[in-house]
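These are the structures, in structure tokens.
In the two assemblies presented below, chain A is common to both, partnered first by chain B and then by chain C.
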Partner chain A sequence: MLEKRDLLEQQTPLEQKKLIVSHAPFYHSGRRVTERSYHTMLAALPALLLGFYHYGMPAISVVCLSISTAIFWELAFNLVAKRTITIGDGNAALLGLLFAMLLPATTPWWAVITGTFIAVVVGKQIFGGIGSNAFNPVALAIAIMMVSYKELFDFDTALLNYDLEFATIYPLKAAKYFGTASLDSFNLVDLFLGRQLGGIGATFGLGLMLGGIYLMLRGFIRWEISLTFLAGVYLAAFVFNLFDPVRFAGPGIHLLTGYTLIGAFFLATEDSSSPVNIIPMLVYGAAGGIMVVLIRNIGAYVDGVVLAILVINLLSPLLDKIRPEALGKVM
Partner chain B sequence: MIKKAFLGLSTPQIEYAMLPAHLPETEKIPAPKSITLFHQRNDTHSISSTLGIGDPVKTGEKLSLYSDQNFYVISPVSGTISSLSPYTGDFGKSYIAITITPDGNQVFDDTFQQQIQNPTMELVSGYLAGAPGNPPVSMLADSDGSIKTIVIRGLDPDPLVATNQYIAQSRLKDLKKGIRILKEVTAVQDIIVITAGESVQGYGHIGAQVKGVRPTYPSALPHMVMKDVLGQVVPAGKTCENLGVCFFSAEAVVSIGRAFESGQIPTSKILTFIKKDGTPKIVETSIGTPIGNILEAFGETVNEYDRIILGGPMTGSAVYALEHPVKPDTDSIIVLDRDKAAYVSDYPCINCGECVRICPAQMQVHMLVRFLEANQYEAAADSYDLYSCIECGLCSYVCVSKIPIFQYIKLAKYELERAKTPEAADA
Partner chain C sequence: MFSKKESMLAYGLAVCLLVTGVVSYAAFPLKAPEEPLRIMFNVEAGKVLFDHKIHTVEEGYGLSCEDCHHELLDGESDEAQACGECHDPEEGDEEVPKRADAFHQQCAGCHEDYEAGPVEEECTLCHIL
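What follows is the complex of A and B.
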């Protein structure tokens, strides 16, 4: 350092401007974490708006409470743990939004607050914050809430007081307990257009698909995961349906009901808990899809999406060991 | 500098700068008031030369400070030595900065000219190592015939830079002569000129094969040329030279050709100068000219916290003073406004995988960077292929957390190298 200064002082008296010294690259793609969060929220909007239309003010209040408490928990944890304040990256808000989209519109306030606490603090921050979580925080929160307060996720009872212009029974539950004959009142177009019971933002197939396509094209989520997830659901449901069409619903029903689409586009694709190499992504997605149908058809739960996602999250680091050989690797 | 793509399904492409069909003239920089040359320094040897402040030097004179080392610089002007001072470059490289004040006359030194009738490897490595383009002649001289192929880069490896492209297209005669001299002194017959894919035509009979590469970064980096053009993968931790391939820039070959054509060691350096607003200029200036003079010639002003980048946007480095001289290998100078600079951050990796998808060496960058952030350099080299890195910088370019991945990799390699030499570690 002394030597550098010698050369400087020798030749330049006082008018020397301070320049920033750094090493390449000086180019940047301009992509930021914040951008990813906000664009994912933007992509979730169409599905969310239909939820607001169907369920009105209660749905809006659940979503608002969920987003605001998620941000609050993140801020509180940042302060307690003396970490950098990270609420500006939009990730906490995104977690809050996705969590609310999976809830029925009548979820009580304490359940929303507990859920966002699990998602943000238990699911994300105690692992070390963004990028360090082994599980999708939203899936983890929903799973814990679903196991702890089973009745909250009984969509039939939760949404009992709503007078909607479509059949107010939860299709997956009907299929599980009463067989495929009970699904005659549903047609796939209605399901696709969101005319079914379910989470606030989880039922509008068209909206979720548009959001998902937007995210895939912009590169915010990986098509490898979403598409193989859907393919896994389709194939597994098809095989079950072929085996016993009276007991097991067809692939169309499985794709368009429950959390399948929101899971494929918004949950399974979460960065930190999903693999990054091509083959692992394909296996990860397909395994998730198959797992969904296994849980729904022969498992104990009505909808297996969040549980299936937790299982594939667990597989993710292992799957990512399937990697291409680095250039010039010396064995 | 932000280079953005709206769609993100495929990996972003960074195109190389392409010169127009009608080549512009070079813009000449007026002779500076002082010239600084970096003479390599060896800390374990003592300086044996009697060269001192006030000594006169001639244009083209070889200045050598050690009698037992083949280090030297060639004075591009006639004048007197006004200072000799130690200088530490990047990664601890040690130099002696020789500053010469020109006296306005051009008195030529003819030691080189007397020997050009009989070109030999000794002559080339004894005089031309510091010529524009930095011909790697001492490496060639020390290789004992292990070099079988010479690759001449007619395309600059970094985007925005068009120096060697310009030279390869405008100085064909000298290039041809340089190739002939190289064949004569090295006995290497396999010479390949690399150019952008579409401009393979137009080279005629220059005595070498002409091969095209894709005009997108990083296809002109040595490791990519080895893989795509020569079909050889450089094993991790080895260099292209280990495989018998030596890379020359087009300018280096042209310098050799010119030296033997004219009898004078060339000292004028061509470089791409990118102004703050992004306009590129092809500039011709003497080696050793302070960068400040070039900025002045184009009326560029530098503010606090701006950056002056030597080299391209993907592999160059920013310097701290406008007095920094143009070196024989300074192919470009970029003036970057502080508002346009891409800053790095200490945000954690979110595992999005962009780096893994863009890495031309198929490395697991997302895992590697976790080790590097924790200073686990050995583990990074053992488990996550640190030495496979071809140093293109694309990982840092795409990182959404703006982690300085490339800088971490450079640091890790440097630290591991330092740990190998105990003396350096003690210093």
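What follows is the complex of A and C.
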């Protein structure tokens, strides 16, 4: 199958056959969901390790509890619903990890357990399990938790007792409430190297980018989504900043703070909630990026990444209507 | 559907991480430092984040405890007290002004004297509205 497709790509349009059907037996490429889940977790590791370095044992507690409870929720749902046990695919562990990476290190245990329940059971399993969820389960869980327990996501309050060697104010909040003058203590290199307050694994730009590039090279995520998402953030922030540089932060700040990078590489790219065709993927990513800046700059929330991702998840089936015209016609 | 190895990995991860998570939650909670680093005042006019450390360390503004904690100077207490212990958020009089007045007097007053930092007229420079 694969060889035939390669052959097809090398042919000029005139030489191409319109339809190729091969019959069984087919062979399996060897790729499994399990591999995909654990490799995504591996790609998230650099960003996570810096979070452990900054926030110590409390961060480790949150991540461990989140991964394990996510797996247990999936196991419990499988048993209650009398379905096949699916924890072997590693997807629940991945959801647990990504959920924890967005949380502040001091998140209480009950919030972690509630959040993983929302991600795994409400976000994924009730839709029918992996591949059937309309929304990114992690974004959904964070959004529900953020609306229900607003205080938990106030990074300034949550991380009050950390003595860190960089500016200890959440940059997006400073930008939103005190204007761009308050951002003088931040420089973009520091932000890129993770020297900022934020989620356990969401602040280390370099680590997230390396993880994202690894996932793109391995074909686990689509560059079309990540890059257009970031381009959307950049362009929208640039326009706002041009319009009022005192009130609205520049594109660099928007790209390197909050959940932007983890959203672009690890959340927006989740496969069942994102489009499958090229043009829809480009529109999906760009719409998400623009939405992020709109929510941050004129919306009520400090960081709009998870909400923007939920909105584009909702658009995804509609966007997939933009597709190549089918060959042939029905007589 | 999944190989034994894949299932065992998931069960192993779940159990090991649960034990690590529970133990580290129980054994290593984040302790608040004896001298506060930053304080978040949850007030009606909007939260205020006060960086206690930058006001006290030499590399910061180098204030001594007595500069703000006047009870040390007056000999009313041996240790610095939290402002809210005497200054009630709701009530106050001339002797002991209510918390908001005490803060405005203390913070904005000092800022004005030193011509540094936010002053009382500009609420949104301190309060997150």
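Worth pointing out:
By our rule, the second predicted complex is superposed on the first by the 304 of 331 C-alpha atoms of A that agree within 3 Å, B and C clash if a C-alpha of one lies under 4 Å from a C-alpha of the other, contacts with A are read in each partner's own complex, and residues count from 1 in each chain.
In this text, contacts are C-beta pairs under 8 Å (C-beta built on N, C-alpha and C of every residue); 3 or more make two chains touch, one makes a residue touch a chain.
Note that the structure is predicted; figures quoted are calculated from it, not measured.
Contacts of A:L19 after superposition on the shared chain: chain B is touched, whereas chain C is not.
In the superposition on chain A, contact of A:F243 is made with neither chain B nor chain C.
For chain A, the partner that touches more of its residues is B, with chain B and chain C as the two candidates. Look at A:V276: by the touch rule set out above, it reaches chain B but stays clear of chain C. When the two complexes are overlaid on their common chain A, residue A:S132 makes contact with chain B while staying clear of chain C.
Applying the stated contact rule after C-alpha superposition, one finds that A:A326 touches chain B and leaves chain C untouched. Touch criterion met: A:R31 reaches chain B, while chain C stays clear of it. In the superposition on chain A, A:Y53 makes contact with neither chain B nor chain C.
Residues 89 of chain A lie in contact with chain B in one complex and with chain C in the other.
Put simply, chain C touches chain A in their complex at residues 1-3, 6-7, 9-11, 13-18, 20-22, 24-25, 28-33, 36-40, 47, 49, 51, 53, 124-125, 128-129. Those residues of chain A that touch chain C in the shared complex are 34, 56-58, 60-69, 71-72, 75, 84-90, 92-93, 105-106, 109, 154, 156-157, 160-163, 168-169, 173, 177-178.
Interface of chain B with chain A (complex): residues 1-9, 12, 14, 34, 83, 85-88, 90, 97, 99, 159, 223, 227, 233-238, 302-309, 311-323, 334, 336, 338, 341-342, 347-354, 356-357, 360-364, 366, 385, 387-388, 390, 393-394, 396-402, 406-407, 410. Those residues of chain A lying in contact with chain B across their complex are 3-4, 6-8, 10-12, 16-33, 35-36, 89, 128-132, 216-220, 222-223, 271-277, 320, 323-330.
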